[in-house]
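Next up: the structures, one after another.
One chain, chain A, links the two complexes that follow: it is found with chain B in the first and with chain C in the second.
Moving on to the complex of A and B:
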């Protein structure tokens, strides 16, 4: 009995070991490397490292560049998540009832979220171009005076957000739809017997019962939007004051300026943020999953 | 109410599908027609003289040109597509194999600290690629993996493990333990029971997992453009690199290439449509 339990344990580690080892290696090494090099003047090409103490961190916390990227990323996350959630929820409501061809409509709606953001972002440059883009031609034909979506300082950021909304609203819709479908019809029937108004049904039954999965959706989108890189690179490049996010600023600092040490300090600050968010996230998943088991 | 419902749904569907439809039209144009100041949205079979006309002469030239090398690139679109296929497929096979074994271990055995390990696995997915890419780059320079297929295959395999483990754990948990126990009673070893009883039952789950791993490797850009800016350049990095090229953007070829590039993903999306939610949420929501 004892020996079989032991072979069981050996087998278990043999199964999970390789994967965990790879993940540890590819996450711990970069972490250690970043921490060490963040206190040096390391550069991308050659040169010996020299300790600079906390100078890199001082710059990260003092330079307006980093604070600006953080603010812009936060604004992007908040706007993207809330617009996509609202729009996705409305779409899910329109898809709640069965109709002929629902599967086709649903699958078509979902396609944008599966496509490559880098490739589609590049292509949107043609669609939104200020001079020959089809969007501006359509707006002019309707009598509007269309803006320069991709080059005007006041519009660039929102153009990127628009592309993100196009790509990711389907994701929110899909999750909201799952939430809506999980509400038992008996609850709606009970509400009907009680003559609850449609508004009351929506705010007292539909929304609260969807809330747990919508929370999950928000966390998934937020962690993803926080990494926003591909679309910004495709639309404005990494060094645009109006659109620079955390990831694109990191790219600029490390790969264009070659300042690995400064980039590492910045990475460490971002990692603290990401780890905090990941902790909230995993706790939440844990709670939602253990609720599922009880239900 | 019903009318509003249909209006909202159809309006969104039209707006969301329009960019893709425009892409299909652009791929049939000549370059001048893609950037014409009067939008050309009607394909014609013969030459059009009037520059203000919405008609344009449809041609397959852009598709024929996919083998051509553009200014600022080292290879044609087809060459980069080859790199994307090799890197995507091999990393997918590796992720699914490793992920299935690991998920089986977590599903059927008592691993000390299993919950913490599983959340560690999931949290690796939250890291922004740009925050870890420099150490990886240094490591790859030392190992001579920069710009190679193997380098990105290994990296995407690791990157997709969180997805593979979480998805496969969900699928394996759904297979009754009684199946294996019966096999063990029949004299199968643990390994035989896994290979002959569990794996055939997990086929659908593995296929779904493979599709999601493939899509995320196929679309990845951050690592691809920083680690493999030359050598084995994948399609997203290649397209991005065309920006600012001196001959102007080859829009028809970009549209044609992008369509060829997203076509398999669209087919896969349709194939796994029942599991999309599960795949996109790492199995945390099951349909």
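Moving on to the complex of A and C:
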């Protein structure tokens, strides 16, 4: 090996080294540490670790809490994303035309998206409060018997879903609007001259030409909804059987119960699920790219 | 009865008077080319005929029926866009069949199939039928776009610079092909372009449009040889027509610095704008000197730029003529080739 190749190699290491070190320190090491601890009885405070073999994993799959959180998270993702998609798309269709005050309406609609989820959670705590919340006061005034939105077992989950929809529908709308605006007007004009019915224009032009970008939006929102944590924390706290998601369950097990070993096993299982979803995600993105969305 | 008739059609788009008092008739089998630079109102004219714009005033008749206020779908015209406007996710077959599946048309599936096959054959795109539109080349896309227009056998074709986005060779090929196609379909065509060569080679008649007004409407030959104004003259021909300010005395037209240029009729105005085409300039036989400033070879002919009597003059002469930069020549133009506009 000559010396210039050696300098080249040294330079390469010098450039990659810091990143590599950070990666090992903050990604690889925690991952390995997590996997190792998932086979132990590690506790947050004190106690020597002892291997317990696959006992933690056995508990994960037996634990009704985990199954419940998984089911609830899945339900949350499906409901939140589909409602947000439908509402966002309808909003985008309505807002596509130019009208007076469009900018004001758009800006107003985008505000929820700009705010922190924790703040939103607290804000909605006030709005939906069973005793003095605006909603219930209005309902009482109208003669209804208002439910306890945030404390009733049957309502809490749906209230959080409602808040999420309120926060993220604008995001869907924005993406859908971008998709709609990317369709050349001449295609609509061609269809107009071709005597296409409005329904046909929608199903044959608008929808298919928006689909790739909407698909991406769905994926973004789905991964986000899967991590649902802040709203649950702000509205009900992590240890509520009716609203516990995977993220809040993990938080509860590790940081409140202190069961690091069990929590590690939980998170390993979640990791496998996330990897499976990420594969679907990247496949979809590859497909969209190879199809050249803008053609 | 004319296929299309416009009487005093005007249209304002924002601050721009896109069309003002446009009147013409399109014959039953006529190929009419509207020629004009960008912003002349060509596209607005087509969109108005198609029904995508409503004229502010004037009469617009299709087959004798006033349609100025009717929706595009009721007009039974086909518009081919410059950017093709295919449905990208659909196959060529689906793109071609789309206009036939419109409500109220109620064609049997076999008939739709038949017409798609007919159009594909005519445009030689049969092998592309199952291909998604987004995978086609520009020329193929434009064929499909034209196919989509012909499948439903409209009463009138509107073509918005359909060849502009194609490369030069393909453009010339399609020019001939489309001209032939229009003849075979016996359907009138209103074609807009900014390309004078396209207009001259394809049209039965050419309408020269500028700032929303039709300046001249006549056969390509007449528009080229007898333009009604310098503005029209300048839009046709490459290299462009020579336009020189001249004065007349008993010897004929004199160039700006006084040299004689060519003979003039006795009743001609004393001061005029003289127009003559480069191909009508001869380099020998004149009575005053000019200097060759530049020679540009174009294959069959060469363009010679002359400094002649204080004016710059383009001459197009056969490549066989021997001429070099700085050479002195004695150019002349026959009086019958001169166009005279009083100043």
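In the analysis below, the second predicted complex is superposed on the first by the 263 of 295 C-alpha atoms of A that agree within 3 Å, B and C clash if a C-alpha of one lies under 4 Å from a C-alpha of the other, contacts with A are read in each partner's own complex, and residues count from 1 in each chain.
Simple rule for what comes next: a contact is a pair of C-beta atoms (placed from the backbone, for glycine too) under 8 Å apart; a residue touches a chain by one contact, two chains touch by 3 or more.
What you see is a predicted model, and the numbers here were worked out from it, not measured in a lab.
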| item | value |
| --- | --- |
| Clash or fit (per the criteria above) of chain B with chain C on chain A | fit |
| Which of chain B and chain C A:51 touches, first, second, both or neither | neither |
| Chain B versus chain C as contact partner of A:208, first or second or both or neither | second |
| Vertex chain A, arms to chain B and chain C (CA centres, degrees, nearest 10) | 90 |
| Partner chain in contact with A:33 - chain B first, chain C second, else both or neither | first |
| Broader residue contact with chain A after superposition on the shared chain, chain B or chain C | B |
| Which superposed partner A:223 touches (first chain B, second chain C, both, neither) | first |
| Touching partner for A:134 - first (chain B), second (chain C), both, neither | first |
| Which superposed partner A:192 touches (first chain B, second chain C, both, neither) | second |
| Contacts of A:22 with chain B and chain C, given as first, second, both or neither | first |
| Superposed arrangement (fit on chain A Cα atoms) - minimum chain B/chain C Cα distance in Å | 18 |
| Chain B and chain C footprints on chain A, overlapping residues | none |
| Residues of chain C touching chain A in the complex | 47, 50-52, 71-73, 75, 77-79, 81, 83, 85-90, 98-99, 101-105, 134, 148, 152 |
| Residues of chain B defined as touching chain A within the complex | 5-6, 8-9, 12-13, 16-17, 19-20, 22-23, 26, 34-39, 41, 98-99, 101-102, 104-106, 109-111, 115, 117, 119-124, 126-136, 138-139, 155, 157-158, 161-162, 165, 190, 215, 218-219, 221-222, 225-226, 235-237, 239-240, 242-243, 249, 251, 254-255, 258, 261-262, 265-266, 268-270, 273, 276-277, 280-281, 284-285, 287 |
| Contacting residues of chain A [partner chain B, same complex] | 8-9, 11-16, 18-20, 22-23, 26-27, 29-31, 33-34, 37, 44, 87, 90-91, 93-95, 103, 105-120, 122-127, 129, 131-132, 134, 137-138, 166, 169-171, 174-175, 178, 213, 216-217, 220, 223, 226-227, 229-230, 233-234, 237, 246-247, 250-251, 254-255, 260, 263-264, 267, 270-271, 274-275, 277-278, 281-282, 285-286, 288-289 |
| Chain A residues touching chain C - in the complex, by the definition given at the top | 184, 186-187, 189-197, 200, 204-205, 208-209, 291-292, 295 |
